[in-house]
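Two complexes follow with chain A in common, the first pairing it with chain B and the second with chain C.
And then the complex of A and B:
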């Protein structure tokens, strides 16, 4: 247990060291979040507000090129919110849950960037960009698999190519995969399915 | 009024706010969380009052953090509802703290809550972790400068401290 605490603290430190968080924006309706957490066998929630991100930036060495780039990125962000749920068996959450999650970003500010549906395996990936006055002000990523649901909300000026920089953050490993998939798709597309 | 009575009155007047603040602080913070957990799950938490002193003596602070308070519940058999535990800690920890990480594994009966609070240039951290039959409550301060220096020691080859980067 002590070892777990130490490794947890080191994990948080590593997360802070590599990455970045303030206003508590509700990623999901509170009741939906509770329901999902109750049904899931594994739950991971990461909330990095602006103040936490600002503190994290202090850890970063601006002299190292890779650190400097991430430091600059996280200093400009308003928050990173991750919710990851793993289920014992398929069917423990339904399409209505995914639809409720989508409602959170169903305003005109949110522009769809990527939508991939793998009907064979029942997998969906969606990436939306928040655009305000022509500027990127956030990103929303939804990955729904039969036994896993991942929701990531990044607030602040972030680009698709920045996801790769954030993937080292604890709990944000999925961003690298999304970023990679997007590159593989040779740019932005919407409504795709396979 | 006699001088002695005046001194007593002044002393009471001066001490009242301090006593009020101290009494209030027991309702929130580390001790409040420990007491609430003890009460809810009918367990006894072993507090380690000298842990901060020992950490200072052994010089563990130089590695990037200083441990302030630690309490452990051994033989923790309670069936924990992670949602309830989260609400309890949220309420008892008090203002200024923000929950950064919550990790729950229903299979392993594991729950980990990590809260942070800016503390000048440093950051206070509060961790509640239950696994199997043990529950630990820890409060510490992370010091970015010392942490950064220590992490750098393991970054000479770019792989030890951050294996994820090695794969890039």
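And then the complex of A and C:
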């Protein structure tokens, strides 16, 4: 009986971990990621799992002025995944790539905050929040431009008040602005398709 | 013909008795043991031996201490790299949100202008 309970717990833990991993893999399958990286002139890839975030937090000991605010923000997060590709010329990725990424967050848990599609200029902008039982459990940003593709996935309880604190840190102004935006437009700020 | 159990027991007792008969130690054994002990004590207490022990101890401490420091240094480097990654991720996030903000502002401006035109 005990063995069954332990197996069940281990199974649930494994499923949760696989679930987190799937989120990232679903966004950008490994092969697609490789293709994009091969075509891009500049690539920024950051994969920070829960354990990596915890490890990094240990080294934010307050010696630098922004350590405390960043530490507070990342504590409790399940992961931060960032992919940023810059291309020398447009047309290095098709709309199907954007669609594939969008599909991965097309579940009822993901609530759109901002959705704007500018067909004329070939730009797509999306900001979604993951809401589970009324609680904020993640944030997703997709910014697709002809020569740039940015995907940000933050899993876990994103503390908006902590994002606000980062506003005053060097180069992190907009993080603060989004906390205000979320309160102001908790529903959807959906831009029109032009 | 095999022996009865009692006879076998007696035979065993006899063997045991023979084996346990007290025998005198070989001549000079005690002396040799005492001399060997004295030699060992003399070598343990010699200054050369003390220095060698101290050197071995220091070497061991240096190796262990060096290992601990190296591991800590490696850990700090990994921690610093992880910290840098967090900052990079937040910067990219910030940049993306900045762009979103700019686009929304432009969108709002356009909406405002259209509204003004309509009211005229």
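Throughout what follows, the second predicted complex is superposed on the first by the 119 of 194 C-alpha atoms of A that agree within 3 Å, B and C clash if a C-alpha of one lies under 4 Å from a C-alpha of the other, contacts with A are read in each partner's own complex, and residues count from 1 in each chain.
One rule holds in what follows: a contact is a pair of C-beta atoms (placed from the backbone, for glycine too) under 8 Å apart; a residue touches a chain by one contact, two chains touch by 3 or more.
Here the structure is a predicted model, which is why all the values come from computation and not from measurement.
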Let me test your reading of the model: by the given contact rule, A:34 touches which partner, first (chain B), second (chain C), both or neither? first
Mind working out whether A:141 is in touch with chain B, chain C, both or neither, as first, second, both or neither? second
Would you sort A:42 into first (chain B), second (chain C), both or neither based on which partner it touches? first
Name the contact category of A:106: first (chain B only), second (chain C only), both, or neither. neither
Contacts of A:127 with chain B and chain C, given as first, second, both or neither: second
So in the superposed three-chain picture, is A:58 touching just chain B, just chain C, both, or none of them (first/second/both/neither)? both
Who does A:150 touch here: chain B (first), chain C (second), both, or neither? second
Just to be sure I follow: which residues of chain A are touched by chain B in one complex and then by chain C in the other one? 44, 46, 48, 52, 55, 58-59, 171, 173
Where on chain A does chain B make contact in their complex? 1-2, 4-5, 8-9, 12-14, 16-18, 21, 24, 34, 37-38, 40-49, 51-52, 55, 58-59, 61, 66, 167-168, 170-171, 173
Complex contact set, residues of chain B against chain A: 64-65, 82-83, 98-107, 112, 114, 116, 118, 121, 123, 125, 127, 129, 131-132, 134, 136, 138, 140, 142, 144, 147-148, 151-152, 161-162, 164-165
Residue numbers on chain A that touch chain C, as the complex places them: 44, 46, 48, 52-53, 55-56, 58-60, 70, 73-74, 80, 82, 84, 114, 116, 123, 125, 127, 141, 143, 150, 152, 154, 166, 171-175, 177-178, 181, 189, 191
Touch list for chain C against partner chain A, complex: 76, 78-80, 82-83, 85-101, 103-104, 107
